[in-house]
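Listed after this line are the structures, all set down as structure tokens.
The following pair of complexes shares a single chain, chain A, combined with chain B in the former and chain C in the latter.
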Partner chain A sequence: MNALRRNVLKGATGAGAVAVAVAAGLITPTRVLAGAPRSAFEAKNLADAMKGMGLPPATDSKDITIKAPDIAENGAVVPVEVTSSIAGTSAIAIIAEKNNTPLVADFEFSGGAQGYVSTRIKMGSTALVRAIVTAGGKTYQAAKEVKVTIGGCGG
Partner chain B sequence: MMTRREFLQVLAAAAATGFALDSKSALAGKAPPGYYDVPAFGNCSLMHITDCHAQLLPIYFREPNVNLGVGEAVGKVPHLVGDHLLKHYNIPKNSIDAHAFTYLDFEAASRTYGKVGGFAHLKTLVDKVRSSRPGSLLLDGGDTWQGSATALWTNAQDMVDACIALGVNVMTPHWEMTYGAQRVQEIVNNDFKKAGVDFVAQNVVTNDFGDQVFKPYVMKNINGVQVAIIGQAFPYTPIANPRYMVPDWSFGIRDDSMQKFVDEARAKGAAVVVVLSHNGMDVDLKMASRVTGIDAIFGGHTHDGVPQPVEVKNAKGVTLVTNAGSNGKFLGVLDFDVQGGKVKGWKYRLLPVFSNLLAADAGMEALIKKIRAPYEDKLNEKLAVTEGVLYRRGNFNGTYDQMICDALMKVKGADAAFSPGFRWGTSLLSGDVITMERLMDQVAITYPATTLNEMTGKTIHTIMEDVCDNLFNADPYYQQGGDMVRVGGIQYTIDPNKTIGKRITNMEIRGKKIDPNKTYKVAGWAPVGEGVTGAPIWDVVAEYLRDTKVIKPVKLNQPNVLGMKGNPGMA
Partner chain C sequence: MAEPMKIRATMAGDTADIKVLMNHPMETGQRKDAKTGQLVPAHYITEVTATINGAAVLKAGMGGGVSKNPYLGFKVKGAKAGDKVSVSWVDNTGDKRTDETTVG
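Presenting the complex of A and B:
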């Protein structure tokens, strides 16, 4: 079943292939799903990225869960899943704080879509991965540390 | 320079000493009567071995005198060494158990009690326990297929055959993965399938869709009791070991899916749920506090010989966390009394395997002999004699790794050397011969290349800080379970309680303060990156040993450790 699914996708054209390309990080989110202006993605720090998105400082929320590895297996493709159970979630941005350009992705939701995104991001070094959620005109956030290590030397 | 004749005399003397002191007569009156009489209890028993690192024959293994706990683990099991451990578990000093569980008087006690482990002796013990506990299962926590010359040279086949003969029922992996994904699948789908051995790992999924690669768990019926055994592979396999060997699989701790499988197993009628884990003990302790519904975690990876389980409270009950040492030295036996679908009581023993006290099983002995036959000449090549005890275990260094660093620096012409903080590797007593087999015990891996790199002082510091954080991060989920990278030619001060980037100070190379901008020649081995070439580590060290002939007692490169005064994880 799984092998079949894999083969189908390998041979597929159109939507399926695009989905895989996005998941593998081949197409940058800026070109596909960006809600924020280019300047936000080019910002060199968290504060400027927030400013670029036109967002006020966010308040911490327990209704946002970030699923990401404690230690990245490969810093070039770190799987990150963000779920926001805040009512009226209209956007989720993902920020890797220590990246040269911290804003990695900004997803917009419309028509009552569930606040959930799953993607892979690139991280240069150990950093907090921050999810910024916009809901009902307010801004919320949660963060999780993802460690990027040199590797080797395990027991 | 020693002549060949003198060298042979040293070898002869060493062999004679070893023989006399190892003999059974030396043991008279030393082992308590009925040492292996373990009265049966309850109706549902599980035996556990872990991290034998492919040691088929009896060996010596010295427990650590430095095993520091940080953060919430300070002074807690398993971070107790020597007298602190004896006191905690009420084990009499100078007893056979004191020798089994601590480094105390290692050499003298080793000569008294003889070698530990060995699959023929372990087989006798497993069968003895089984005969009093019909229906019991044997679980193998992994790091079984790697760590010896014969395991490497047979591509793990020796251990696969030996484990099937031993009667292993369920297994989970770590170093197994360093034979490559394809070889692992081949063994699981052929040898293990045919023999009915279940290979379980809930935390190994495909990179693309997150599909389970192996069975997450298996349900077994023990005397009418439904028991679920969930596998937990070493979470950081693709980081601590080469990524390219398992390119399509993702690991990680995965608490949430662990909880899902525990709940699923309970819903399917499991009265007992256990986890066969290669997390390492600190990670297991944290997991036990977060995931509910697990009766016991059979742990390994960190090689802690823990005499009794730690009882961890969580939101819905208590989970027992064990750790069963390494190198074939121990057999864990957990007996549950299950009544009306509930665990009513339990008893645990971690039985040391003393080969002089357990007759060798004839069938297993014959199998091991057959496995070794094609390699005997190579295995028995005499490389040198050691004047001091050689061992590896310890947070910062061991004499064996120090010698490997010395060899790397000398043969490669380096300013400094790194050797990985592996916790496996057997020990040798003073006067023992270092054969090729005993060298391979320390270095038998599938990525053995040695390297000589030019590194700036800053890079050397960054590497040491990075490895150090894998050991001393206050959050166990960020620990990888190995020890600190061993160094040659480098002196340093370390404060484990600090955070990454700030733990290591006062670094010196060859007695001179390190210059962050200066370039140094650094030798190393076991690169995790793909395509690195270099002479295998066993060739480099063997060359050094053949040239040196007699290894004088090694001077340990002991760092200056701050902030650990009174920590019972340091003798």
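Presenting the complex of A and C:
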């Protein structure tokens, strides 16, 4: 299933091709919009990570709350909690902008799971922590700056 | 064999609050060993899935940017006390682990 999706995404030069694949029933829309392929986790910058996830540019939303410390003393463990009150939230991705590989984790919800996730991430330096929310086929985002005094990536 | 996870699932109103603590080094592959100066090979969880009574509720992809011994908290509406929660992870070396608990 994953291999199929990857091929489909790789072969798609634009949204049109994806739409055709959706229409053909090869992949469901949520599958296209949520669930990052592994390549997205290896992307070295934000734009590539977004592209790798196959997400359109996100619009800013006030309905996304990111709970993270203003100043993290230890970049190796930065608690991050994302709550999306957007109806129909199906996925949340967490991105630490200045990390070597900015995409930290992505979460896909189903079967009653709420638009909420809490985890702990590593941050190499002071950066914006960005939450990308997919809801009803649209993409939303919010960001919060976290100051890091000791980096948690690399030696 | 990987160390077991700690999973706690409690009801808050009509929503189950599920907290998972995984035991994993989460090496990014970018860190150098302090003694040898060699890069420590990447070793991190790539995928986590959670089910309640067999039905998928959460599928997560992770990169090396998740902290050591990953913590994961999520909420599921409509779950009931006594429901079986199962969480599994797979790492980049192919190692895997599944643990279960019941909603209390």
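Quick note on the criterion: the second predicted complex is superposed on the first by the 114 of 155 C-alpha atoms of A that agree within 3 Å, B and C clash if a C-alpha of one lies under 4 Å from a C-alpha of the other, contacts with A are read in each partner's own complex, and residues count from 1 in each chain.
Quick note on the criterion: contacts are C-beta pairs under 8 Å (C-beta built on N, C-alpha and C of every residue); 3 or more make two chains touch, one makes a residue touch a chain.
Just so you know, these numbers come straight off a predicted model, no measurement behind them.
Participant: Could you figure out whether chain B or chain C reaches more residues of chain A?
Facilitator: Result: the larger residue contact count on chain A belongs to C.
Participant: For A:Y140, is the partner it touches chain B (first), chain C (second), both, or none of the two (neither)?
Facilitator: In the superposed model, A:Y140 contacts neither chain B nor chain C.
Participant: According to the stated criteria, A:T149 is in contact with first (chain B), second (chain C), both, or neither; which is it?
Facilitator: A:T149 sits against chain B, while chain C stays out of touch.
Participant: Go through the superposed model and pick first if A:N99 touches only chain B, second if only chain C, both, or neither.
Facilitator: In the superposition, A:N99 touches chain C alone.
Participant: Just to be sure I read the superposition right, which of the two partners does A:Y116 touch: chain B = first, chain C = second, or both, or neither?
Facilitator: Touch partner of A:Y116: chain C, not chain B.
Participant: What is the contact status of A:V78 with respect to chain B (first) and chain C (second): first, second, both, or neither?
Facilitator: In the superposition, A:V78 contacts chain C only.
Participant: Considering each complex separately, which residues of chain A are in contact with chain B in the first and with chain C in the second?
Facilitator: Residues 79, 152-155, which sit in both footprints.
Participant: Show which residues of chain B lie in contact with chain A when the two form their complex.
Facilitator: It is residues 206, 208-209, 211, 234, 236-241, 243, 250-253, 256, 280, 301-303, 420-424, 462-463, 466-467, 469-470, 475, 477-478, 480-483, 485, 500, 526-528 of chain B that touch chain A.
Participant: Which stretch or stretches of chain A touch chain B in the complex?
Facilitator: Result: residues 2, 5-6, 20, 23, 67, 69-74, 79, 126, 147, 149-155 of chain A touch chain B.
Participant: Inside the complex, what are the residues of chain A that reach chain C?
Facilitator: 35-36, 38, 41-42, 76-79, 81, 96, 99-114, 116-123, 152-155
Participant: Within their complex, state which residues of chain C touch chain A.
Facilitator: Residues 15, 19, 26, 28, 30-34, 46, 52, 55-68, 70-79 of chain C touch chain A in their complex.
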